[in-house]
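Alright, structures below, take your time with them.
In the two complexes below, chain A is the common chain; its partner is chain B in one and chain C in the other.
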Partner chain A sequence: MVTKTEESELKNLEIQVDNGGGGAWEYLSLVRKLKVRRSDKVLKHGLSILNDSKLRSKLGADEWTLYEQVAVAAMDCQCLDVAQDCTKALRKRFSESKRVGRLEAMLLEAKGSWEKAEKAYSSLLEDNPLDQIIHKRRVAMAKAQGNISGAIEWLNKYLEIFMADHDAWRELAEIYSSLQMYKQAAFCYEEVILAQPTVPLYHLAYADVLYTLGGLENVQTAKKYYASTIDLTGGKNTRALFGICLCTSAIAQLTKGKNKEDKEGSQLQSLAAKALERDYKQRAPDKLPQLTTALKSLTLSS
Partner chain B sequence: MAEDLVLDTAIRDWVLIPLSVVMVLIGVLRHIVSKLLRSSQTPDIKIVREGQVMLRARNLRAAANFIPSKAFRARKLYYCNEENGLLFVPKGQATNPQAQMFSDPNMAMDMMKKNLSMIIPQTLTFAWVNFFFSGFVAAKIPFPLTQRFRSMLQNGIDLSTVDVSYVSSRSWYFLNLFGLRGLFSLILGEENAVDDTQRMMQMGGGFGFDPSKGLSVEKDNLDITQHDWALPNFEHHAEDVLKRVIS
Partner chain C sequence: MGLGFTIGFIGVLILFHAAYSTIQYRTLLKITEEEFSGSPLIVVIELTLGLLLCTWAALNVPGKFLCILPDSDENRIVSLPGNLDFMIFNHRGKIFPVEMNERLRH
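After this line comes the complex of A and B, so read on.
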């Protein structure tokens, strides 16, 4: 994940470059280092550097890295002719390069010729079975074609080798959630939480999945994870606040008739409700009556 | 013996500085040559996989308190299961990597090349120093030493009354050998081929990266790990946070 300082630095550079100040190359290098997806800006500013032969020659050997970056950005923005020109220039310079081969296969994928791209990727993988990017492109291709089960299969195979790649686990979790296979999604989210335990996003997603799974134990666990999200975000996450209210009322419903043990639960719920009301008052005061009725119905049903 | 010997400044000009300059140049040359000669190593799938397993197991140990106990127990079993757990390596295979390293011709060639590129320049430079720069006092070490160092530091000087702080150029050579490492990492960047001392330490302590040993270590660590679920604490913290937000 990108840190706050890097994010602000990126934003400043972006504003500077957009308004005509210099620094395009620093911006592009920062984007490349942080691996953020700003394809339209990369395309615009990258092309402005590449088309200006003076600036281009100033880059020296970095020119080819820029070509690669612009090619990928062009494919993302569907400007395939630009991507083709960049790839051709790279191929002329490095005629025997696997990296350029990878770009060409990505170009085929961007054009939509799935079988050719699939063949290209398989042959590249035969030469180098440890190329993570090609594995991920294959998964993305399967997903783009709508073949979700194929995507799951490829992603599982990838994770068998590279099992410490938390981005891949996150992708798998989202795919499983979209297919409503919540138990598997919960497992994947646990992996992600293990890898990065202090990111509130993953706690929130895990809590959502647990709540959806249902059952007393899962909902109680979900409530705890919503609480941890609130803790990690300083109480600002509206979804977690709602989650707490929903979980508490669900627990109360499920334990109706059994002994009610925790008084703290209701305290958390009332606190969350108050925080929500305060938040709505500040940010969306016209929706406040809807909120109060919803909260009342939740507490009534418990 | 307590008098100070005055050393000719010509020694500094013609011995100390040229020796350092020559060593720096030889180091740079070796770095370039090793870059040219280096064959690209394609990492084995198994080794990559084992590295990733270790990373994953380490993550599990570090963040074990963030997932529910059922999940933790399931994972612990998955890793440490006696029959087909991820971290379990049967006794026979434990010595695999070392044997593999010797039998794999590529890797053996690589090691030989690395060793040669280290040994030959060192030997040559040492011989050159001995031949040209022996028989006189080269420098004075600023702190006093015991008599035991005499044979090591004063090899060309055949006077037994000279203070041990006065050393020959051989010791200057050794000083440079270990000291220029920092300079090289500035000039050549990290991971340069001149990092002899690092490699010497590595060779001394076994063949460095030893995947199967790492796995059994991870397994033992994981077996010991207890699960202490941290989430209920978070619930209390959340209440405090919310109280602060509302007030």
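After this line comes the complex of A and C, so read on.
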């Protein structure tokens, strides 16, 4: 999870390093810690450190981690010769390493030789059948080749063994959402929320999927999860506020003929509407009339 | 930080001195066989002063207090970490090659 302080720190370091003022190693370590994908910057600055023998010797044992990081960044930027050189250097140093073997298979993947990469991964798995990262690379390879159903199959098999891997559940949820299989996506988001209940973005995604599914129960649950997102973000998430308004009007439409129980439903909607108007007045006052007309049409149509 | 430590140290010394004075006062009262109703006023003043100094030091020595609310401006989650284990390399960025004329030199 990247918090605001970490993001501003990352941005400052990036500006500092880009303008030539030192701190490249701290930037690279922060990128590694936060797991963000900044491959072009990592490649540029990592390569400048590696090519300078003084800086390289200052790193000590960490230089091999830097080699790995630069190799992956080079693969991402399609500079395959740089990646090849880094991998060769790593292989020279650690000749019997599975981690380097994994990197070499990733290089084959980046080159596009899928069968060779598949063979390499299978042979690595024979020695070590419970290596999580290799399983995940196989899923990624299936996804890269466009074989989404194969990717789903591999990912399901992986999740039968490693049920606690919330990253994999999140990946599966995103794949299902992209295929519009929303019921399965909802199940995967439930697992992710179970693993990390304090991240509001997962609640928001789950509520979105439930609202898309439709049906009275799903929309009611979606409203609850939009409300929990608002709770976790202190009311600052505009999408969740909109979600509450839409859910309330959808519920009112679905229960039109049945018994009218307004209770706290309309109160929640009016509170959300007020919060939205206040937010828009502060941040985008020229869009405020559009907002008020949209909200009025929601309450009128319900 | 040095100032906080010194003031805290002085506060602790004043507290010890107040405790010692109270014990001495009590032994004096035992000799004159009077009841011990409370410390003399000056010892109470000394005690409050010690308390204030120690509290000030305790608040200042540990350094900056961080916010614990998850939705405060520093702690709020801005983005999720990109799922790097599932990263694929044949994305649309292949069309825009990085201007990388450098190679690994050695």
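Just so it is clear, the second predicted complex is superposed on the first by the 282 of 302 C-alpha atoms of A that agree within 3 Å, B and C clash if a C-alpha of one lies under 4 Å from a C-alpha of the other, contacts with A are read in each partner's own complex, and residues count from 1 in each chain.
The working rule: a residue touches a chain if its C-beta (ideal position, glycine included) is under 8 Å from a C-beta of that chain, and two chains touch if they have at least 3 such contacts.
Source: prediction; values computed, not measured.
Visitor: Do chain B and chain C fit side by side on chain A in the superposed arrangement, or is it a clash?
Guide: fit
Visitor: One more residue to check, A:221. First (chain B), second (chain C), both or neither?
Guide: It touches chain B, and chain C stays clear.
Visitor: Considering only the touch criterion stated at the top, classify A:44 as touching first (chain B), second (chain C), both, or neither.
Guide: Only chain C; A:44 stays clear of chain B.
Visitor: Specify the angle subtended at the CA centre of chain A by the CA centres of chain B and chain C, expressed in degrees to the nearest 10.
Guide: Seen from the centre of chain A, the opening angle is 50 degrees.
Visitor: Which one hits more chain A residues, chain B or chain C?
Guide: C
Visitor: In the superposed arrangement, does A:234 touch chain B (first), chain C (second), both or neither?
Guide: both
Visitor: Scan A:284 for contacts with chain B and chain C and give back first, second, both or neither.
Guide: Neither partner.
Visitor: So in the superposed three-chain picture, is A:171 touching just chain B, just chain C, both, or none of them (first/second/both/neither)?
Guide: A:171 contacts chain C only, not chain B.
Visitor: Is A:163 contacted by the first partner chain B, the second partner chain C, both or neither?
Guide: Only chain B; A:163 stays clear of chain C.
Visitor: Regarding the shared-chain residue A:4, is it in contact with chain B (first), chain C (second), both, or neither?
Guide: It touches chain C, and chain B stays clear.
Visitor: Once you lay one complex on the other using chain A, what is the shortest C-alpha distance from chain B to chain C, in Å?
Guide: In the combined three-chain model, chain B comes within 12 Å of chain C at the C-alpha level.
Visitor: Name the residues of chain A shared by its contacts with chain B and its contacts with chain C.
Guide: On chain A, the residues that contact chain B in one structure and chain C in the other are 234.
Visitor: Can you tell me which positions in chain C touch chain A when the two form their complex?
Guide: For chain C paired with chain A, touching residues are 69-90, 93-94, 97-98, 100, 102-106.
Visitor: In the complex, go through chain A and note every residue touching chain C.
Guide: Residues in contact with chain C: 1-5, 7, 34-37, 40, 43-44, 47-48, 50-51, 53, 72, 74-79, 81-82, 85-86, 89, 106, 109-110, 112, 132-133, 136-137, 139-141, 143-144, 167, 170-171, 198-201, 232-234, 236.
Visitor: Within the complex, which stretch of chain B touches chain A?
Guide: Touching chain A: residues 42-43, 45, 48-49, 52-53, 55-56, 59-60, 62-64, 66-68, 71, 231-232, 234-239, 241-246 of chain B.
Visitor: Which part of chain A faces chain B closely enough to touch in the complex?
Guide: The contact residues of chain A facing chain B are 128-130, 160-165, 187, 190-191, 193-195, 197, 221, 223-225, 227-228, 230-231, 234-235, 244, 264, 267-268, 271-272, 274-275, 278.
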